[in-house]
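Here come two complexes built around chain A, the first alongside chain B, the second alongside chain C.
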Partner chain A sequence: MKAAVALLAALAFAALPLMTSSNYIIGVGISALIFTVAAAALNLIYGFTGLLSFAQLGFWGIGGYVTALTVVTFGGNFWWGVLWAALINAVVALAIGYPTLRTNRHAFVIMTLTFALLVTLIARDWVDLTRGPLGIPNLPRPSAFGYHFATTGQYYWVAWAFSVAMLAFLYALCSSRIGRTLVAIKQNEPLVRAQGIAPMPYKLSAFAISAAVTGAAGGVFTFHLGIIDPLFLDFYYMQTFLIIVIIGGAGSFWGVIAAGIALSALPEALRFSADFRMIIYGVILVVAMFVMPTGVAGWLRERQLARMREQLR
Partner chain B sequence: MTVDAVYLLQLTLNGITLGLIYALIAVGLSLIFGVMEIINFAHGELLMLGAFAMTFALPVMGLLYWPSLAVAILAIMLVGLVIYEVLLARLRPDEFERSILITLGLSIIIIHVMQYFFTATPRLVDTQYGFEGVSIGSIRITWTRIIGAAAAAAAFGGLYLVLRHTQFGRAMRAIAQNREAALMVGIRPRVVARNAVVLAAGLCGLAGAAISPIQLVTPYMGQFLIFKAFALVIIGGLGNIPGAIVAAIALGLIESWIGGFYEIIWQEAAVFVIMIAVLFVRPDGLFKRGGMRVG
Partner chain C sequence: MTAILHVTELRKSYAGVHALDDVSLAIEAGSITGLIGPNGSGKSTAIDCISGFQKLDSGKVVLAGNDITGQPAHHIARAGLMRTFQTVRIYERLCLRDNLAIAAQQFDPATWVDEFLRTRRYRQAVDKAEVRARELVELIGLKRYWEIETGILSYGQKKLVALAAALMPHPKIVVLDEPVAGVNPTRIREIEVALAELNRAGETFLIVEHNVEFITNLCHRVIVLDQGKKLAEGTAKEIHSDPRVLEAYLGMTPEMAEAEMRGAA
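What follows is the complex of A and B.
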């Protein structure tokens, strides 16, 4: 049932460029798909494993820059760029994850935050590599098997195929034994240790996978924008991923997917000015943390539990 | 490479000023963490509000430095009180992630509301001292820098005395060291937490007001500083106040020296590299935390 609904939704999304010729709407569609993937990756590390990572923003930016530089500076093609983005991010995540995860979760949060800022500063100040605030414009759209994804409508298929593949992968991971172990680590780490499972490799791999997926998503998104500059590391992106995960319900795979689609489309539909949108995002974040700390999915689950208790009485 | 002694001394003095400002922010964060076990993400925005309060107070006070400084600090303490009563008082001590997300939302609201009303145009702040300064040999330091550094140093002295020798401060340390025992002897955690937040906000207001004549004032000025303050709190050991001060002044010096001789990117990356190195060697920070220490 769930699989059928997911398949139908995926196919309906695939048909978007056939239904409209408006580049604006298709652009919103691409954002919705990519943001949902990035939010699902954050959900893996925060929702399932219980580690709040702000480094996602850094991975997103590294992914974007690696993909763009592979094509423009190192003469590779887009597909290799995305692959490199995933690989490099996984290695970076292992390198910063190992010392940080040995400490407590407080240090992890702060460390990932500082990492995100560091990437922003490198993007801005390492002018020889990243061209600084000017950025790298005119990124060429990719082609495969002689087909050139030139227009926004054609590039939408790339974003779609990428998102479906990544979400399927993340779903398989989260619903497997590994996913259950991650949830167990979040809920009670000493108990996991007592069961003879070492938490560290699980946490590290969840962090690395989450980084790789976020980086690849950043790479795909860069080529939709056609330009990369330090604004690609604006805190706005991190904010969006976080709000999607929190409203959807941290730890709920489908809740986050639904929230990703809905929340990416909503601000576009309402068309606020940039400042006003951020204020509203901030208010949503604060209010949601007080009113609905487990998100829509958690709220629904609580209601279901309450009804079951009522019946048993 | 020959190192010019005068240049080096100039860098050192700038580094100390910078370090003292970092320390004001990091100490506030450490204080709040010690008492409530939460991180205040909006701390950088308190600094920014302090700087803005200074820019508005100065013209009203006829450019007089000290009254404006006092107004700015009081205003930010009031903001801290409101933030505590409205948001932070509802948090339990173990809700670390929730505290981060709530104060993150708050920080975004403050930044963008300020930008909406006062635009992102950087403001230059003029005081009664202007850009005058003292010259020692061929070194020149402006009065605003000297006073900023002195005020910060005085604030640390005051903080030490308050935490060490008043009932108000002892209660804070008691809560930080052993929550249950403190409850048993009749200390109210809510009151203590409120005092800690207001005190931390006051230090941050002082930092903002002191920095405003030195740097350009923009709605984003708090963001870059707060990231460094976070790193400092980790390096010094979470909740360890002298650790945070030592780490902050050391970082100010290191950044200033690196900035004087190498490219800017190394200056910005220094704090991160140091933090990673410290975490490798001592996962609990350079100075291990045993409750909240003041000396």
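What follows is the complex of A and C.
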């Protein structure tokens, strides 16, 4: 049932370029897909494992730059660029995660935030590599098997295939025993240790996988934009991922997916009122948080629990 | 009889205060041993040091012939020592079944590759854990909560879940930290019966507890700690008539204690 719904939704999304020729709407579709993947990756480390990581922004930026530089500076193709983005981010995550995860959860938040800011500085100031504030424009759209994904409509398929593959992978991970163990670590780490499970390898792997997926998503998104500059590390992206996870319900796989799609489309749906659109968007977010402080999925869960309590009485 | 857990000359101090001073214990396989003492006598420190949740200053801990001294908690658990905690620890947002499944997970041979490919090894491990879990849930009388989030259970029921989780992987010894503190009297009786039954089936327990009646009814041997030192050791009866224990722990005279014992029985 769930699988059928997911499959139908995926196919419906695949059909978007067939239904409209508007590059603008297709662009929103690409953003929705990629932001949902990045949010699902944040959900893995924050929602499931309980570690709030602001480093996602850094991974996103590194992913974008690595993919762009692979193509422009190092003469590779786009696909290798995305792969390198994932690999390099995984290694970076292991390097910063190993010492940082030994500290407590609060220190982890601060250190990941510092890392994200550091990446922003590097993007701006290491001019020899990143071309600084000028950025790298005119990123060429990729091709595969002789087919060139030249238009936005064609590139949409790349983003779509990437997103479906990543979300399927993350779903398999989250619904496995590994995912269950991550939830257990979030809820009660001493108990996990008392049951013979070492938390560190789990936390570190979750962080590295989250980083790799975020980095690859950044790479795919850069080639949609066609340019990368330090604005790619704007806090707007981190904020978007975080809002999606919190509104959807941290720790709920499907809640975050639904929120990712809905919240990416919402500001566009509000375009009927150009002046007040972002204000209305903000009000909707605030009200949602008041009514459902644990997100949509959390709210549904609370209701289900209340029913159970009633039955047990 | 042979000792399954040997603790020799355990020492631990915090900022110059001796929390444990030369404590040695030997727990025999198939026994129930009580560890009692007034607040601050070092009971919790002792089991934290044994189970790897605190570093010990010196001493030696041997479990079934393996030296586990100073190893991290998860190694000690894998070696066969499972414990519960004074403030009840369970996964409150997971159902009873998942709580028990996680407790056994590290002890089966199935890896994530087995799980991904759904190999026979994986299916067998899951089935085996499920059988064990159902058995224990039957024993603790929480069958109807099988698929329900454990967060909605009462405090006493949560203690039972923690106990069942500790028993999941057939450990060599189970260390219970105040299993009945804060639990209502009828349920205390149920826990007592369940532990006695498990013990008859061969489980070994080390129990830290304040409830004297509970310890008296259940334990084959009782060890008394006071100010980080072992004050006395013997059967519950011997302990009750030991004047040092009465003074340090119960704060009463032998006559008063005798009256208490008659009341308890």
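Just so we're on the same page, the second predicted complex is superposed on the first by the 289 of 313 C-alpha atoms of A that agree within 3 Å, B and C clash if a C-alpha of one lies under 4 Å from a C-alpha of the other, contacts with A are read in each partner's own complex, and residues count from 1 in each chain.
The rule is simple: a contact is a pair of C-beta atoms (placed from the backbone, for glycine too) under 8 Å apart; a residue touches a chain by one contact, two chains touch by 3 or more.
For clarity, every value in this text was computed on a predicted model and none was experimentally measured.
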item: First, second, both or neither for A:A86, with chain B first and chain C second; value: neither
item: Which superposed partner A:V283 touches (first chain B, second chain C, both, neither); value: first
item: Per-residue touch tally on chain A - higher for chain B or for chain C; value: B
item: Which of chain B and chain C A:L16 touches, first, second, both or neither; value: neither
item: First (chain B), second (chain C), both or neither touched by A:I197; value: second
item: Which of chain B and chain C A:M166 touches, first, second, both or neither; value: neither
item: First, second, both or neither for A:T100, with chain B first and chain C second; value: first
item: Contacts of A:L312 with chain B and chain C, given as first, second, both or neither; value: second
item: Those residues of chain A which chain B touches in one complex and chain C touches in the other; value: none
item: Residue numbers on chain A that touch chain B, as the complex places them; value: 46, 52, 96, 99-100, 102-103, 105-107, 109-111, 113-115, 117-118, 121-122, 125-126, 235, 239, 242, 246, 275-276, 278-279, 281-286, 289-290, 293
item: Chain C residues touching chain A - in the complex, by the definition given at the top; value: 51-53, 72-74, 77-78, 82-83, 85, 89-94, 98, 101-103, 105-107, 112, 115-116, 144, 148-149, 151-152, 165-166, 169
item: Residue ranges of chain B touching chain A (in the complex, touch as defined); value: 33, 39, 87, 90, 96-98, 100-102, 104-109, 111-113, 115-116, 223-224, 227-228, 230-231, 233-234, 238, 263-265, 268-269, 271-272, 275-276, 279-280, 283-284
item: Footprint of chain C on chain A - complex, ascending; value: 172, 176-178, 180-181, 183-184, 187-188, 190-198, 305, 308-309, 312
